[in-house]
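Read through the structures below before going on.
Here come two complexes built around chain A, the first alongside chain B, the second alongside chain C.
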Partner chain A sequence: MEQVANLLLSGLSSGSVYALVALGFNVIFKSTGAINFAQGEWVMMGGMVAATSYAAHWPLGLAILCAVLAVVMVALLSERLILRRIKKPTALAVTLMMIAIAICSKSLVMLLLGKNPANLPGFSGSEPVLWFNLRIHPQTFWIVGITCLVMLATHWFFERTVLGRAMRAVAAQPEAAALCGIEPRMAMALSFGLAAGVGALAGTIITPLTLTSFDHGTVLGFKGFSAAMLGGLGSLPGALIGGVALGTLEALAGGLISSHFKDAVAFVALLLTLFLRPTGILGRGAVEKV
Partner chain B sequence: MASLELAGVTVTFGGLRAVDALSFSVTSGSIKGIIGPNGAGKTTLFNAISGITAPESGRVLLGGRDVTALRPFQRAALGLSRTFQNLQIFGDMSVLENVMVGAHPRLHSGWLAGLTGRTRDEDQRAEEVAFQKLSMLGLETRAADLAGSLGFADAKLLEIARALASEPQLLLLDEPIAGVPPADQARIADIIREVNGAGVTIVLVEHNMRVVMNLCADILVMNYGARLAEGEPAVVARDPDVIAAYLGPEARHA
Partner chain C sequence: MLELASLQAGYGASNVLHGLSLSVNQGAFCTLIGANGAGKSTTMKAIAGLLRPVQGSIEFEGQRIDHLPAAQIVTRGIALVPEGRRVFGPMTVRENLQMGAFTKLYPRSTAGNRQVETRLEFVLETFPRLRERLPQQAATLSGGEQQMLAIGRALMSAPRLLLLDEPSMGLAPLIVLQVFAVLRQLQRSGLTVLVSEQNASVALAHADHGYVIESGRIVLADSAARLHDNDKVREAYLGI
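Up next is the complex of A and B:
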């Protein structure tokens, strides 16, 4: 019983991070129709930059801020210098280009920040908090809290602000949105900045629990993608549900069956989603009115 | 003064000249009708005017200003707005939100304010404008509904409301009446007349001849991307070339 509760808690914290990664996938999918395969690398980059800055004796808060800003800059530059030059930025062209950007981002981190795993301290230390009989790592609260805040803020942004509404309009009908005076490229740049910022934040909050290194991004990206698919690609609440579901399943499978199964869960979840319900839990069927 | 002027505009797709060296102008404050058989290039013409399709040659002028090199969102800022024949509504947004997006060119906040949400006043104004346009088109009771749930006729009205929300000087209407039940056709015609009465120049593509003849003082007939005839409705309707294009060459002698 206690073991299951512990597993659920660890599932909740890794699931929250998957949810943030999935959120990044969804934001970019909504605005461009593309799958951003660099999302995982941005998460890793966030963790690496924060860890390196912290190792250089920067205050923790400043290191995290610097990591988020650096990754947002990398994403905006990728958009500005590479994606904008694609003559016809179809979803497929952008997706392929993001794979290239992912590979370059990974190599860039390896060359600049090195191959060694890097670490950050827990934001409130690492003395476990005792709750009933459970020993909870204090970072768990930070992870879950920050994830909830980011989810609420993103929801508010898309539903309640002029700019968020403009971005949804571009996602739905780019031509009509352009004729409503919205610059489609601006919406695209904004979605890249948003996805990168959220990804980098996810990287900094998980690093105290898992460490990070230049080759962590691919797996994180894959799990975030599975979470996004599971919850429904393009759906913001779907990212939260998919992420937490995947994290929980993974923790339970790892703890109750065998730790060898842990990483297989995301693959199985992705395959089952594609076979049984390609639109995901919250995704609506792709019904096109003709 | 001409609100819209085209000089030798040519749009080609592969070897097909969808619009072929077309020149015409639209007097400020008037309603210009554009008719022609299916495939005559009417929608392509609208795409060239609104900047969605780049012409191969020729110039597009809005209010005397050459906008040929400007992108759609820049032309929108200059007072151009349009509807689409194959509806392009924002399906997963509410009806009211659709029209609020239409009010976008009237908002003046920078992107930083938009990002941080410090645009509440403008948002409220956009909402007021949007609601007023919805009332004008009789859609105010559906304001909170999802736009994707509207029927075809209401969706067409929604497109007009969204186009009006930007308070355009020039409005391009692509078949606003096609597919609308007869009961609502007269209402849309009245709305077009009302909008025009408020000073908006209108270019109207429509197949319903009775409506076009009633609304427009000036009609351009297109065939194979080029001008077949142009002038007053009564003159155009008697033109033998126009009759031939619509009914086949043998009708010329009937």
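Up next is the complex of A and C:
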């Protein structure tokens, strides 16, 4: 009983991170129809930049802020210097470019920040909090809390602000949106900035629990993508549901069956989604558009 | 007000417009009639900036606009109601209308916000049906309501020239008449209107001036009344 509760808690925290990564996939998928293969690298980059800044004796908050800004800059520059050069930014062209950008991002981190694993301290220490019979790492609260905040803020942005609504308009009818004066490129840049910022934040909040290094991005990206597919590609609440579901399943499989199973869960979840329900739990047929 | 001169435009390698020229006077109600594939939508897209002309020029109020992208043409005072309406289905009617005024709402300004408020009131007075539907999802509207929404959205940018690409498509005859009556009313209050239509009888009955387009060229240009009596037009487009 206690073991299951512990597993559920650890599933909730890794699931929250997957949800944030999935959110990045969904935002970019919605506005461009492309799969952003650099998403995982951006998450890793966020963790690495924060850890390096912290190791250079920066205050923790500043290190995190710096990491988020740096990754947003990298994403905006990639969009500006590479994606904008594509004459016809079709979903496929953007997807292929993102693979190239992913490889470059990873190499960039390796060359500039090195190959050693890096770490951040827990945001409020690492003394476990006792709750009933459970020993909970305090970082869990930060992870779940920040994820909830980011989800709410994103929802508010898309539903309530003019820019957020404009991005939904571009996703629904790109030509009609251009006729309304919404620059399609602006929407694209905005979605890249948003996805990168959320990704980098995800990277910084998980690092105290898992460490990070230049080669962590690919796996995180893959799990975030599985979570996005599971919840429904392009759906914002789907990212949350898919992420938490994947994190929980993974933790249970790893703890109750065998830890070898842990990483296979995302793969199995992705395959099952593709076979049984390609639109995901909350998706509405968006996948056929690709 | 609008001047198209020897316009050539198309998709990739194939040209659709082969030296098309036409002009629309300030305050006029003009129609562009033609059969399927004649190039009506291509002409509209070229004016609105969705398609860059290969050759020729488009002038609006004395300035060339043929190099501008669509998002900038709106700010010059031209709005296009695209073929097939293209409303933002997952968004509410209110959000759709708000998006029509995007260039006034972003970057943010109090003056812009106030303009949009008055404009919204004007659009809702023009289409009272939309007022009842403000919180409803656009995708759930009927075809006629979606056309009203598409026109309302275009009006939200406060254009001086309103372009409509086949507004009658897929609508019941009675609704078509309503739409044209509204266009007439808008034109009387000072808006310049250019409508492309396959439905020549309705278009010629409402417009002042007409152009007939055939395989990317204007073959006839005259007052709507005279076009209506023209033998060739009667035979080819009115089926009389």
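Heads up, the rule we're going with is that the second predicted complex is superposed on the first by the 285 of 290 C-alpha atoms of A that agree within 3 Å, B and C clash if a C-alpha of one lies under 4 Å from a C-alpha of the other, contacts with A are read in each partner's own complex, and residues count from 1 in each chain.
The rule is simple: a contact is a pair of C-beta atoms (placed from the backbone, for glycine too) under 8 Å apart; a residue touches a chain by one contact, two chains touch by 3 or more.
Because the structure is a prediction, the values reported are computed rather than measured.
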item: Clash or fit (per the criteria above) of chain B with chain C on chain A; value: clash
item: Chain B versus chain C as contact partner of A:W156, first or second or both or neither; value: first
item: Touching partner for A:R168 - first (chain B), second (chain C), both, neither; value: both
item: Chain touching more of chain A, residue-wise (chain B, chain C); value: B
item: Chain C-contacting residues of chain A that also contact chain B; value: 162-163, 165-166, 168-169, 172-173, 175-184
item: In the complex, chain A residues that touch chain C; value: 162-163, 165-166, 168-169, 172-173, 175-184
item: Residue ranges of chain C touching chain A (in the complex, touch as defined); value: 48-50, 69-72, 74-75, 79-80, 82, 86-91, 95, 98-100, 102-103, 105-106, 108, 153-154, 157
item: Residue ranges of chain A in contact with chain B within the complex; value: 156-157, 160-163, 165-166, 168-169, 172-173, 175-184, 186, 190, 289
item: Chain A-facing residues of chain B, complex; value: 50-52, 71-73, 75-77, 80-82, 84, 88-93, 97, 100-102, 104-105, 107, 109, 111, 114-115, 117, 119, 122-123, 126, 148, 162, 166
